[in-house]
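The following pair of complexes shares a single chain, chain A, combined with chain B in the former and chain C in the latter.
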Partner chain A sequence: MKIAVIVKEVPDTEAVISLKDGKPDLSGVKWIVNPYDEYAVEEAVRTAENKPGTSTVAVMVGNANSRTNLIDVLALGIDEAVLIADPALEGSSPLAIAKALAAAVKPLGADVILAGRQGVDYDWGITGIALAQLLDIAHVGIVSKLELGEGSFRAESEGDEGKLVTEGALPAVFTTDKGINEPRYKNLKGIMAAKKKTITEHSLSSLGLSAGDFGVAAAGVELVGAAEPPKRQGGRIIEGDTAEAKVANLVKLLREEAKVL
Partner chain B sequence: MAASHNALDLYKLDELFSDEERIIRSAVLDWVKERFMPLIEEHYEAGTFPLELVPELAELGVFGATLPEQYGCAGVSHTAYGLINQALEYGDSGLRSFVSVQSGLVMYPIYAFGSEEQRMKWLPELAAGRRIGCFGLTEPNHGSNPGGMETRAMPVDGGYLLNGAKAWITNGCLSDVAVVWAKVGPDSGDQSADSKTIRGFLVEKGMPGFSTAEYKKKLSLRASVTSELYFKDVFVPEANMLPNVQGLKGPLSCLNQARYGIAWGATGAGMYCLEAALRYAGERSQFGRPIAGFQLQQLKLSQMATELLKGQLLCWRLGKLKEAGTVTPAQISIAKRDNVYQARECARMAREIYGAMGIMLESHVMRHSNNLESVLTYEGTHDVHHLILGEAITGLSAFGG
Partner chain C sequence: MTKILIVGEFSNGKLKGSAAELLAAARAIDPAAEIHGALLGAGSGAAAQGFAAYGVATVHALDGSLPSYSSDGFAAALAPALAGYDYVLLQQSFFGRDLGARLAAATGAAWLSDVTAVEAGPVFVKPLYAGKVISRMRFSAAGLKIVTVRPKVFMPASADASASVSVNSLAESQGYKSKVTSVEAKAEGQIDLKEADIIISGGRGVGGPEGFAPLRDFAGAVGAALGASRAAVDSGWIGHSHQVGQTGKTVNPKLYIACGISGAIQHLAGMQTSGVIVAINNNENAPLMKIADYALVGDLFQIVPELQKQILALRAQG
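== the complex of A and B ==
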């Protein structure tokens, strides 16, 4: 079995992102592997550990600095990586990213394609789904449990109102949710082994794609501005000697000041 | 996740490290923050080491990390080993001590001076954390002057009879194997001649006559177990003697490994304190403004940041010298001494910046400062390291007075 894992880089979830000229200023931000993709990576590594003969490859659309994060993924146990880096990709829409991914993934002949359910940067949640469409294979989203058989799968997705169970034939794309597994910590042996693994680099032209279909100009949507969320107003402590008195005061305030009752 | 302390990396030191070294540091640092930090307060107060984390430390691969893969180790560079120590001591000096002892003081001598059978028997077990080791050099009457040791190994049929005691031994009570240094043969009355007979012995838990006792009520390094070791006619088979080293250079070369790790480790403790102090000073307001805006507090923060930067540069260079195989004991000594001293100053300044909150366990900075009192003393006291450098640059030994 061959598993392709789609990973992307996002700004560190601990980073404080400020605005510059009305746009997010990402200079100096530390880039990490998208947390939802870590579940996809873990699922691939576990599957490979449990199914002898399984090979895994990570595919990333990134830039010249993305090798560190790909080494990170290789350190977790993925066998090899493909990096698609091209200045023309800057500012591409999720659909365009999916096109680049499809071009790189198709020749891999993967039975299973795993990706995070969404990136924690812009939270589009589109790339994995679009990739399935472009490859003309099935997609199952928000996967919290995945069982793989010979040429078939059974996936569970948690929703607000219940659990959805999907069965079907491989190849297919699965976008992973929290809860599908507990991603492991990297260890030193894995990191040392990663050094010896291959990262194949592609540009748009080496994938047979034309730069004009990518980037801001082709995106169809434009980020025109961003604003900080309004500063939270200070809270207010409800006065009163007893719990009853406090409740009475709260109801009064909700009615007279907040006017929500 | 890649590089971590970016905001405080004022000289872009990160660029000095390879991808792999940075990833190793962040792997250990992530583990320390997520797995170790939630437990440290409880263990520090109880005076216990979190033994429950040993399997995870082994899985991370930090025990004997520089040793070759054939013994179950990761085979990382000395610089990476340094960064591992930095990340561990960011958590607690006791955590770093545990790993330093296991790696630099137990696995290293078995690897460097042991027979192939000894290596194969112990190294994979120690790397996997299934066995714990300790290093017995210091004695009740001989600290800075280990050459004066009184522990003796008398040759008998098939091995040696060990008698004596070792003091202040990290992990002593927890250990399955103790690397014990002792003089072989009877006392000749000539200390310097006798110190040439020093040999290393692998004393195993349960050997008749071998016992340990724990030091309780320590005010420093509380999350590390420190013990006395007693040997009363302990029979140690010939096969348990380290065959390939004799004299004080055996234990001293182990200390060079561990001191190198300590020099790096101290910067980790300092880093924690600087980050914490900066955060607190930014959040705490007095006289209507954050205390970080007061010149006196900025002086402290600036001193901390500067010394940490210098300390890391020392370590980085030391790592390169070590990798080139040319590093000298005096070079290691400089970094051990000054980095630990500066880290203790950092921790004390952080404690001051925190005001009353600084004396609380939950603020962590005084825990670091207390720990560093031990680190300043063990592996050669601060003073002794001045004597080492003094001798190196004057050619005159001041040890005898």
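== the complex of A and C ==
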């Protein structure tokens, strides 16, 4: 079995995102592997451990600085990596990113493609699903449990009405939710092994793609402006000698001032 | 004229109220737009009549002996009907996002997810980084645009119109690559975080899995949803489906009660648009205590049961 894992970089979730000229200013931000992608990586590594003969490859759309995070992914146990880096990709729509990924993933002949359910930056939530559509294969979104058979799958996800069980045929894309597994930490052995692993670099032209289909100009959506969320005026301490008295004061305020009870 | 398709959802044969929010969003894009509906799944033909009260006269329906959902099958059936529309609107639900994303890839449409407001232009408001930044975006090219709308942020359009609904039956696609084979309904009385008017949430301060018991009691008695901070989820005290914030759910209830939550930036990002925030914490210097509308310093294990008692007493008075 061959497994491809789609990973991307996002600003550290601890980061405060500041604004400059009405746009998010990411110049000082630390970049990490998208947290939801860590679950995809772990699922791939675990599957390979349990199914002898399975090979794994990570595929990332990134830039020249992305190798550090990609090497970390290899240190977790992924066999090799593909890095798609091209200045023309800057500002591309998520659908264009999915097209670049599809061009890189298709020749790999993967049975299973794993990706995080969404990037915790723009939260588009489309890339993995679009990749499935472009490859004309099945997908299941927001997967919390995955069972792989011979050419078939059974996946669980949290739907609107309750837990969904989806069944279908491989190849397929699965977008991973937090909770599907408990990602491991990298260890020294993995870090040493990663140094010997291959990272294949691609540009748009080496994937047979045209730069004109990528970037801000072709994105179809543009940022008009950005602002910080409205500041909350808070910090009013509710007084009272006992828990009972404090709660009585709170309930009165919730009813008469805030009008939510 | 702008043509907008709103993809509704239905359960137990009835169109869900989310359609009224999509209709409001559609009218915000263009008050003069021609608005059509779509409904997919077994029984959708009958449920499509629910659009009548909103004055929507044309509804595309995929009805028959269908699986409850098939992302590729439903997308294949609806995609050919999208020609001629400027916008497709869906709810930012599991179904709406899943189908919408697949449709966008199938048609090459521009994609804008999780929109929380529409301004003149139209300009679309979309939170980024789980709400740390509020962006304003617009479409910059002609052609189909697919938008998902965050639940509970648009004032629902009123259901006071009437229309004679004409149903356009969509042809079922041949062969499914995948399909939903079972749906396990949520436990009785369990309220979804994204739908809840009141959320009670616990963090590191609850001390362990058993510390959630009084919060769960409160939620059951008052009709609230149960939330949690990442710290509590990562400690294994409660399931991830309860997590509020970045890498969890973004929520906007009328009342958010945070118990023993210090207020890490990832948590604040996911709940700061709540109507009223109450924080209960031993430590009055916790960041969340500073942004809460009402902060109670004290032992949550005394305060939460007392709050439950007093709210129920208030309701009993009517």
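Everything below uses one rule, namely that the second predicted complex is superposed on the first by the 234 of 261 C-alpha atoms of A that agree within 3 Å, B and C clash if a C-alpha of one lies under 4 Å from a C-alpha of the other, contacts with A are read in each partner's own complex, and residues count from 1 in each chain.
Throughout what follows, contacts are C-beta pairs under 8 Å (C-beta built on N, C-alpha and C of every residue); 3 or more make two chains touch, one makes a residue touch a chain.
Just so we're clear, the structure is a prediction, and the values are computed from it rather than from any experiment.
Of the two partner chains, chain C is the only one touched by A:E228; chain B is not.
Between chain B and chain C, C contacts the larger number of chain A residues. Contacts of A:M192 after superposition: chain B is touched, whereas chain C is not reached.
In the overlay built on the shared chain, the residue A:T68 is in contact with chain B alone; chain C does not reach it. By the document's definition of touching, neither partner reaches A:S206: not chain B, not chain C. In the superposition on chain A, A:G28 makes contact with chain B only, while chain C stays out of contact range.
Shared-chain residue A:G168: touches chain C; no touch with chain B. Of the residues of chain A, not a single one touches chain B in one of the two structures and chain C in the other. Listing the residues of chain A that touch chain C in their complex gives 11, 13-14, 16-17, 19, 24, 35-36, 93-95, 98, 120-126, 129-134, 137-142, 144, 157-169, 172, 177-179, 219-229, 232, 234-238, 243-244, 246-248, 250-251, 253-255, 258, 260-261.
Contacts from chain C toward chain A in the complex involve residues 9, 11, 69, 71-72, 75, 93-95, 97-98, 101-102, 104-106, 108, 110-114, 123, 127-141, 143, 145, 176-186, 192, 198, 233, 239-241, 243, 246-248, 254-255, 265-266, 272-273, 275-278, 284, 289-299, 302-303, 306-307, 310-311, 314. Contact residues of chain B toward chain A in the complex are 1-4, 6, 19-20, 22-24, 27, 30-31, 56, 59-62, 65, 69, 74-76, 80, 84. Considering their complex, residues 12, 28, 30-33, 67-69, 71-72, 75, 185-189, 191-192, 194-195 of chain A touch chain B.
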